[in-house]
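Presented sequentially are two complexes of subunit A, the first with subunit B as partner and the second with subunit C.
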Partner chain A sequence: MKKKLLILVIAVVTMSFTFLAGSIKIKGSDTLLPLVQKWAEAYMKLNPTTSISVTGGGSGVGIAALIDGSTDIATASRQIKMDEKLKLQEAGKAYVETIVAYDALSVIVNPENTVKKLTREQLEDIYTGKTTNWKDVGGPDLQIVAYSRESSSGTYDFFKEHVLKGKNFSSTCLMMAATASIVQSVGQTKGAIGYVGMAYVNSTVSDLSVSYDKGVTYIAPTMANAINKTYPIIRPLYFYYLKTLAATLKPAMTWVLGADGQKIVKEVGYVPLATK
Partner chain B sequence: MKKSRTLRILLKVLFALLICTNAGRTFSQDLSKEDSLKNEVNMIKNDVAFLKKFKFSGYMQGQFQVAQKAGTATYDGGNFASTTDKRFMMRRARLKLNYIGNNSEFVFQFDASDNGNYIAGNTFTVVDSVGTVPGPHYGKPYTHTGGNVLSSGNGKMINAFNIKDLYYKFTDPWLKTFSITVGNMNRPFGFEIGYSSSNRESPERGRMSQILFPGERDMGAMLTIQRPSTAKLNWIKIEAGMYNGTSSGYPEYDKQKDFIGHIVLSKSLMKEHIKLSGGASYYNGGWRAGTINVYNMSTDDQAKDGTTTLSQKAFVLNKLSSTNDYVARIYKGVDAQASCDFPFGITTLRGEYIWGQNPGTAQVQNSSDIYMRKFSGAYLYFIQNILKSKNDIVVKYDWYDPNTDVTASDMPTTTTTYSNGNFKSIGANDIKYSTLGLGWVYHWDQNVKITAYYEIMKNETSNNLKTTLINGEGLNGDLTDNVFTLRIQYKF
Partner chain C sequence: MKRRRSLVRRLIEKIIEGALTISSTVTSLAVLLIVIFLFKEGFSLFGDKPIEKDFVLAVSKYNNSVDLTSRQIKDIFDKKIVNWKEVGGFDRAITVFTINDIGAYFTDAELGDNLENLPLRINQLVAKDTGIIAYIPAKNIVKDFSGKKLKIDNVTLGGFLSGKEWFPTAQPIAQLGVLPMILGTLLVCIGAILLALPLGLATAIYMSEVANQRVRNILKPVIELLAGIPSVVYGFFGLVIIVPLVQHTFNLPVGETALAGSIVLAIMVLPTIITISEDALRTTPNAMREASLALGATKLQTIIRVVIPHSLLGLTAAVILGVGRVFGETMAVLMVTGNAAVMPHSFLQPIRTITATIAAELGEAPQGGLHYKALFALGCILFVITLITNLLVEWVSSKRKVAKN
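Let's turn to the complex of A and B:
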């Protein structure tokens, strides 16, 4: 009887300790949100004692949370900025930067739009306000309504640098806080155009093929084209965390970067690591 | 039989009705619970959104200092008392409140430290009469003979509680480009003035900054032009303002308002591995003459007033027509900062050079003659983070030459006086000082920073200034005035 009681006590205590094991807070990029949520679900299933909370807000928001200590992992669709590095140094925090996947950026339009492809130059003209009507790019006589992410977004930074070649967005662009809002707005507005991570594209919008050689070849934003590196608008996605947490996060990071984690990358619609 | 069957059917219908009603009530109860919860959440969100407009921040800097000699005169938090070469002090204790509106901001910051507590019986270098070091005298003590009353030699109360920032800022809601700031604020000149003491790697600003811009702040109004972060040309910022020119805490006493302007360009390069910034500043102010006597530095090696020629340099009298006349205070400055993210850690270089003409900048009107001097000064910072650790090493070199028209070799003997009232002698206040600072900064975490810093002060020397004593030492040799500071800062 006493032996059984002892075994029971040991079991209860052990279970208590296992239930006390880790929690991980992840915050940042909206682009990474669908992927990180899937990772979190899958990882928590394999590790029931680990609790993972995931929130978006933008790459800048995530890195700011890393600086002030309110997140364990900051997700970002752009590299950390020099000002952010200096703030981390001022706070005495050494960080680790890891590429966890790649993302192809899709340019989306309303499904009723007859335009199916654009060159980079045409995209630049649309987003800088030079081209304001779809008829100027072979489409219907319809005012262009351009949607963009807000400036705190890594997606915004990447689009500005790689598609607009550093030029500034037109003041007529509608800035949206979240990627899902862009998809929704483009799906509801006939003349709308937007840019989102490929994983966010659904049946309510159409994606465009893009040419980076002035219209000689147009490449569609498909997984195959992202994997074979022909699709031009592709970027790395990052995790940032503090060196002091490296040991604690190692099991999770190893899983994310391993075969199981990268399989989910492809399933969600991002480009897995091994292919770049 | 038929009746019992009918009754059973009726009962079943009644029962079914009862279930549906309760289900409906439960469903509507659930809905109203959900609505109630949504309402509560919305209320909480609104409250949180309002509270997030307030931001409290602050920092305290406790430190221990060792000077090379008791009574050392220093710009590292004020002179040491004549009877000690070591001290603990709470150098700064700041609390700042920001209220951030939609297109506006209110800022209030005060300092509550023991800076400026001058106790009866302590004697310091006299600094408030004619011929002393030009420039304002913030933090510089005086000969105090009273009780434990805090007062300056100019009769100004120096309190242990000082308001630092007190201003509001409004930005245009259309272009979000033009901002007006009104109140007591940092003067928009150069880089070091506006760089927070909580972030700065050396314990104190350079001698030049402390002399030219006492308290860093002044009362006035400033226009800022900078495009929003999403816009083109966001990397250019222009600030221009009009100020009293008396520095923070001192009331205006003349009609002259000082113009201060600063333009700064800032860019990140090489995919955020390099950040470069650079700026130019201009200060154009006036100083109401206390008397009609303004002494200008002679440009010749032999000063002359039209009838008499001296054998050395000196100040030469230039009378004004009235005591309501003004003499110009003109400063010009250039500054640059560069940070590079190397694999062995971030390297930061900062430099600033200021030059101009300075009529002396006491905070209150006095009846002293004015001595016009051309000055120059600069600092250079080198900060290296060690292998992306919590450690930085700091090297800083700065100098201040209060009179660029003279060198130590021009110094006359201290007994030189001129019977001709048109000349005034140059002297100890025209000596150039330089400081080499070596430091180590440890960033414990986002709140705590530890700084160990040693400053080596050098001054120009002249045998003719042997009897000009500072803390008992003549200026014929380098003064014994190095200072070591160990500081722990808490910031939130």
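Let's turn to the complex of A and C:
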């Protein structure tokens, strides 16, 4: 009995080691997680000898793992930061940065809200705390409740850079740990406004058209507008890996950036790279 | 044969003993290492500058307001302060410059193909515009720089504990003030204890003194089941049920408030308070109850005058353990309190707790960076709070032993 158990254990251990031999470890952004999982599933179906493990944790976690060598690919919803670059440099590791897809952010409000469009300047005033009532932007007399992602999320950084032009969010913004909580809260709070990845928008909230030219043209957050880049709030999603692994990862990267990989991007609700 | 068997038995005994010793040593070591690690990472924050590594803030050398607080720098970059005279300097409009703005001042040709002229151009810019404040990489500063670098103060323990603004990723100067979070944590916990205490003690008294055996047999497992529900489930329940309830009851613009957090936490901490205080109540010897009844006291009088005073120390321990649980709870609070880092002044506003901050932000904080260290320092504060509660429990239960003897 014991002998049999021992044999079984040995077999399992050896098997897992053989799997590890042809394996790719991917770690990083939670935004990219659903997409990378789909990619991994599809790619493993095509190449049964390759095993891919995907874990989330955040863009910072992914890049930290790349620095200490515990992952092959780091995924990030923001560009690598200066101090992270310096750390990679110190470790003597050259890296490759690849944009694998785009993510469009929708600005959402409660469906009962009559406001259907805002300019970037109005959004900035709302999130920096200058505008606090919907009547100031053409809506009902209702206090604005601004929802934001956590300060460490890549989505937060992007929104701050791109919509607030680098200004800080007001302290009174409600910081939610997950995108799904923002959708849930905006759906049940009348005066709420939030920003989420386009893929997360559902019928419990309504999305706003946004103008980046002071109110001349308002662009609705649709997939078509995102692909042709007329919709302004759109951000790149990155893969980071070491140059030494570039040759090993090349087939996988080619597939991801090719037609098959980009088709999955669209299915998951992100914006594919423009076809050349 | 017999001798050999006893030898084997003794050997096995020795091995098991050794294993027990090793495992206890490993556990204690692990705990010790974690604490050392926590404090080492947390305290390395003090002595760091709240500016990104290898970046400097520079102003024109004619500028006489060089002692800016980190708060003022943030307001300048948020364009809330637009003239130097507002911070005690000369009357000149402030020009905010970060390295990304360089394209607005110089053409690509002027900067050079590999940005080799960048340091020179920055120097020109700082020399030309006396109202400038520039946030630039230190390596792009030429030798005879025409501006002066702003002195950035280190993060101090006092500033960390008393600061009112939490912008750990703000550029150029991170704002690391944890006072709103400490107060928010205390507010939610006090609220939760105020709600859970009367309810929990009443239930414990009912179960131990009033209920008959059959009711108790049903109630006890049900209450213990409450303790087994994962906190994410409580959080979700709170977000979907309690938050809208609070919002509609008090007619608030937003339901994610300290009160919602307190209610969810109160429900979560009930099983701890109930089970421990029930156990404490049951330690009252039956002889004392019977003596009280025999003297003509009613059941209620017996409970209030005899049973509760006798188990008072046990009840205190239950309360303190409950408080500890409340302080350490993360997930549920994170989901229902709104996490706005503002100074709390009522139960009906969003607040932010220490645990929620750590849980939400650690994942994306660059490892070893300022933000990462600040979160560890927050962990230290939490550790100290829970340590104090645990010491209180020790102290109370040691008193109980003394009282019994």
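Assume the second predicted complex is superposed on the first by the 251 of 276 C-alpha atoms of A that agree within 3 Å, B and C clash if a C-alpha of one lies under 4 Å from a C-alpha of the other, contacts with A are read in each partner's own complex, and residues count from 1 in each chain.
The criterion applied here is as follows: a residue touches a chain if its C-beta (ideal position, glycine included) is under 8 Å from a C-beta of that chain, and two chains touch if they have at least 3 such contacts.
Everything numeric in this text was worked out from a predicted model, so none of it was measured.
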Answer with clash or fit: subunit B and subunit C placed together on subunit A by superposition. clash
Where does A:M253 make contact in the superposed view: on subunit B (first), on subunit C (second), on both, or on neither? neither
Examine A:Q89 and indicate which partner it touches, taking first as subunit B and second as subunit C; both and neither are also allowed. first
I'd like to know which partner A:Q79 touches here: subunit B for first, subunit C for second, both or neither. first
On the A-aligned overlay, A:V61 touches which partner chain: subunit B = first, subunit C = second, or both, or neither? second
Per the contact definition in the header, classify A:M175: touching subunit B only (first), subunit C only (second), both, or neither. both
First, second, both or neither for A:V36, with subunit B first and subunit C second: neither
For A:L237, select first, second, both or neither according to whether it touches subunit B, subunit C, the two together, or no partner. neither
Applying the touch criterion given at the start, work out whether A:G69 contacts subunit B, subunit C, both or neither, answering first, second, both or neither. first
Quick check for you: in the superposed arrangement, does A:T189 touch first (subunit B), second (subunit C), both or neither? second
Dominant contact partner of subunit A by residue count, subunit C or subunit B: C
When the two complexes are fitted on chain A, the stretch of subunit C hitting subunit B, from 117-125, 153-161, 189-197 or 387-395: 153-161
Shared subunit A contacts, counted only where both subunit B and subunit C touch the same residue: 67, 81-83, 86, 150-151, 167-169, 171, 175
Help me check something: in the complex, which residues belonging to subunit A touch subunit C? 30, 57-61, 63-64, 67, 81-84, 86-87, 128, 142-143, 145, 150-154, 156-157, 166-169, 171-177, 181, 184-185, 188-192
Interfacial residue positions of subunit A with respect to subunit B in the complex: 67-69, 79-83, 85-86, 89-94, 150-151, 167-169, 171, 175
Give every residue of subunit B touching subunit A within the complex, in rising order. 199, 228-232, 268, 271-275, 339, 341, 346, 348, 385, 388-390, 392, 442-446, 449
Which part of subunit C faces subunit A closely enough to touch in the complex? 52-55, 74, 77-79, 98, 137, 165-171, 180, 239-240, 243-244, 247, 253-256, 334-335, 338-342, 350, 352, 356, 359-369, 371
